[in-house]
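Naming follows writing order (A, B, C and D), and every chain is counted from residue 1.
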Amino acid sequence: MCRWLAYSGTPVLLDAILYRPTHSLIDQSLHSRLGVETTNGDGCGIGWYGPQVDTPAIVRDIGPAWSNRNLREIAGHVSSPLFFAHIRASTGTAVQQTNCHPFRHGRWMWMHNGSVADFHRVRRDLALAVDPRLFPDMEGSTDSEMMFYLALTFGLEQDPPGAVARMAGLVERTGHEHGVEFPLQMTVAVTDGHRLWSFRYSSQEASRSLFYSTRVETLRALHPDVAFLREISDETRLIVSEPLGDLPGAWNEVPESTYGVVQPEGDEMLPFAPQAA
Amino acid sequence: MCRWLAYSGTPVLLDAILYRPTHSLIDQSLHSRLGVETTNGDGCGIGWYGPQVDTPAIVRDIGPAWSNRNLREIAGHVSSPLFFAHIRASTGTAVQQTNCHPFRHGRWMWMHNGSVADFHRVRRDLALAVDPRLFPDMEGSTDSEMMFYLALTFGLEQDPPGAVARMAGLVERTGHEHGVEFPLQMTVAVTDGHRLWSFRYSSQEASRSLFYSTRVETLRALHPDVAFLREISDETRLIVSEPLGDLPGAWNEVPESTYGVVQPEGDEMLPFAPQAA
Amino acid sequence: MCRWLAYSGTPVLLDAILYRPTHSLIDQSLHSRLGVETTNGDGCGIGWYGPQVDTPAIVRDIGPAWSNRNLREIAGHVSSPLFFAHIRASTGTAVQQTNCHPFRHGRWMWMHNGSVADFHRVRRDLALAVDPRLFPDMEGSTDSEMMFYLALTFGLEQDPPGAVARMAGLVERTGHEHGVEFPLQMTVAVTDGHRLWSFRYSSQEASRSLFYSTRVETLRALHPDVAFLREISDETRLIVSEPLGDLPGAWNEVPESTYGVVQPEGDEMLPFAPQAA
Amino acid sequence: MCRWLAYSGTPVLLDAILYRPTHSLIDQSLHSRLGVETTNGDGCGIGWYGPQVDTPAIVRDIGPAWSNRNLREIAGHVSSPLFFAHIRASTGTAVQQTNCHPFRHGRWMWMHNGSVADFHRVRRDLALAVDPRLFPDMEGSTDSEMMFYLALTFGLEQDPPGAVARMAGLVERTGHEHGVEFPLQMTVAVTDGHRLWSFRYSSQEASRSLFYSTRVETLRALHPDVAFLREISDETRLIVSEPLGDLPGAWNEVPESTYGVVQPEGDEMLPFAPQAA
């Protein structure tokens, strides 16, 4: 399994979110509290949108985040209004750059924590369901990348929640066909650079942890002394695998079988259920 | 493209073959003479059979061979009667361990120089032809690994030349279906730890270079002063992408559309042609 | 800090010691019980003596041991009567191959768990004490490599315990000169391929854990059902940072300020104290 | 030896300079024309100044530039008015991140092509000449980093040309004391984020190649059709190991024993000679 965070809001140095919090994602790479493992040392990656280019930059490495000097350098010098960061704990597939998150397709980014159960058994059937035009772009061997390409196949660029629901539906159906009781465990973040969707779902209704940050103006009222809260806009939002610190009132669990959208026209949280593909 | 060598014969320190020759494979990683590129710096790998274990050891790294200290250490301390070595020049696919040669399946090893033309276009069709039981074991994204799994699908473990012929036949047919004029370019080595097969073939009849070493007793007569020749048995044989030095009479080109077998019951060289899968 | 093991005895596949035990060194890379950190993911290395070459082979990598496929391959195919293995948890210096253990000089190998306190402050003074003829061979930036070169300077090849005592004496004196209260914390293993010395010492008399295995014939009597014990000779001995399993009676703590020698003429354990260099 | 480039001027995407030119630095990593080797595959690095932070970001990797996806991502998404890029061909020291260029100290960056002759023999004497307060910050094992720390010792932050001259003087004197005929071969770039100095010197007066770009307004007059020239300011300047393309009139060789300054108050080129340290 893995840990991740997604940030949307006032452009900030990545460092402010990635390294400075007490229980930052980098700290979680060694000392995760809520993850399946305490260590998430099988690679790391960041993806960010900048002012000039429509597609996100993706930087991924196979070493642990905690000792990655390049990651720290980039975080200390690059600002972005929308970025992903991910630390990986492999569930068996190879430790290689093409298995690190985030994954990108055009202007879209995807990252995942969880797994397709018994992926080895269903991998071929899922691969066959990927749009043949997209198939050759898959470079890695993870369930996470496959889920991304299935979602793209099912219309991610037109209807993200629907496409993810159909992907989840296919994974569940395929798993059941192979005798897998609980085929899917996922927390997913996906963005097109403007809106940010996050999903929490598992077949067993025992999903990996996922939290969203409280509205900034509420937090400011609670903590008038926290300088950082005065520097960020009301629209700023974080979605994280586990809280980045212990600020009271800052973090809220995403309910089971739920997805959320962070968007200019107002954030939303809605029920999520797999659909027939 | 790439460069490789396969050794079968008297157990020797890998170093004697990998590093000591004037134009060794390590030298070819920087200064290939006959390759498509002079530099083969996109990874390297070795595979060897030892005295105790039936399956070969495979050690692969993503950096260039010329600066790989671990490779030099292993070569300087490990002996083997049958080993492969490979240096990679990527034709586009990712530089990652699972794309480095040799590939292994059980006691079988495979390595390749060449390419499936327009692999991007035929990759899915070829993947579908892989035995579903083998499909999940493919970890990388290269044409070379796919060719191995197709050969396994077509009976490599029972009939290596036939299986490789059927693999080549499928690659050619699939390429032609996608409008590719010359679908296959390959020099392949494959072994089960006892016999060693090598293949030189390309659709265009303009195959990458491949050489085999002259019979040791002939070489000894030609070069009575070369100490190394006195240390190895008559059965010792090398198959290489390009000669490891300039010893007169030592190297012979494998003809176009030919395969060879190095085996206890006498080496052979026979015509090779793709077959319907 | 780090974890390590040293093996001397009947030639075995490295795998038997490195991977098979319940709480193997590979397991300790993720789940150390007695270390300063539970994770030791900043590199790993092995060094072994083989039948043909007098100097040991050293293979080191910067990634974590738990996901290192090459390490597993080598361990599964190489046998040795005397080998070291080390997993690193950096105390601040760079994660790079030249900072990974074991270190080698000629036929000697060295590995270390612990630290020179405030190494940053004393590094230059210690470097100046290294024999100028040895100085240029130091390639890394760790305290561990510096300790090795100081011991070499002080006669390691003639008198290992004396040289290590003088090294420790110099580190303590230099630390005290710079106002460091407890300058040294070390468990060290060193070998010339025939004898194996291990040291447990710290200025504060609160040294990192170190254990040695019980005499094989005693263990056999205790555990007549354990097959592995019947396969190894009476002289076989393991020195480890922490026990590799829970076999009752198998592991004994090396006392504070003690060193041991594993050697053909009978193993010994003796008091250790720093000496004036 | 190595190849490098330094850019100062209108903020541009690094990509425009690093990847787009016909004979870009990335191309030089495989096909250098004027270097000692055609391949520069022993690591790469970039350093850039951004809008928000006074110190430069430094990203370095041990693999070849030509296959480095992260480098391409950063280059495609980061703009800077002042940046360095370097590709390494090791002259013997380890391939590790701390040996990759650029090097940084506070807001200063340094990179180098060339070598201290017989560095192994003079390394200790040079190390002793480094300011003891700076000594512990040296992390790698290259002559290039040592030269940087010597220049810092001799006042680089106050008087760059004088400090580099004194560094060169010490290297020459030390080399001569050890019987080295031609102790120094260097092209160096150094910057504080505002001004950019470059040096071309060798004891033998046969220095590695170094070029500077023609004044932009002259180039614009020569090539009114080249769009890129209209996008950059008159003050934009490139210093490169070898020309990035074949645009007539674009590149001028830096004379032997010369240094240049790129600065707001007008660029200059002046004679360079080592001085007594």
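Just so it is clear, a residue touches a chain if its C-beta (ideal position, glycine included) is under 8 Å from a C-beta of that chain, and two chains touch if they have at least 3 such contacts.
Chain by chain, the UniProt names read as follows: A, B, C, D = Class II glutamine amidotransferase.
The model shown is predicted, which means the values in this text are computed figures rather than measured ones.
Chemist: Check every other chain and keep only those touching both chain B and chain C; list them.
Modeler: The shared contacts of chain B and chain C, listed by label, come to A, D.
Chemist: Out of B-D and A-B, which chain pair has the most contact pairs?
Modeler: Between A-B and B-D, contacts are more numerous in A-B.
Chemist: Shared numbers divided by all numbers used: is that above or below half for chain A and chain D, i.e. same or different?
Modeler: Both copies, chain A as well as chain D, present the same residues to each other, with over half of the numbers appearing on both sides.
Chemist: How big is the rotation relating chain C to chain D when the fit is done on Cα atoms? Please round to the nearest 5 degrees.
Modeler: 180
Chemist: Taking the mean of the CA coordinates per chain, how far is chain A from chain B in Å?
Modeler: The mean C-alpha positions of chain A and chain B differ by 41 Å.
Chemist: Specify, in ascending order, the residues of chain D that touch 2 or more different other chains.
Modeler: 94, 97
Chemist: Touch graph across the chains, line, ring, star, complete or other?
Modeler: Graph shape, chains as nodes and touching pairs as edges: complete.
Chemist: Given the complex with chain B, which residues does chain A contribute to the contact?
Modeler: Touching chain B from chain A are residues 93-94, 96-98, 119-121, 123-124, 127-128, 132, 135-136, 138-141.
Chemist: Help me check something: in the complex, which residues belonging to chain C touch chain B?
Modeler: 13, 48, 50, 52-53, 56-61, 69-70, 73-74, 76-79, 97
Chemist: Which residues of chain B touch chain D once you look at their complex with the stated criterion?
Modeler: Going through chain B, the ones touching chain D are 30, 37-39, 41-42, 62-64, 66-67, 69, 90, 95.
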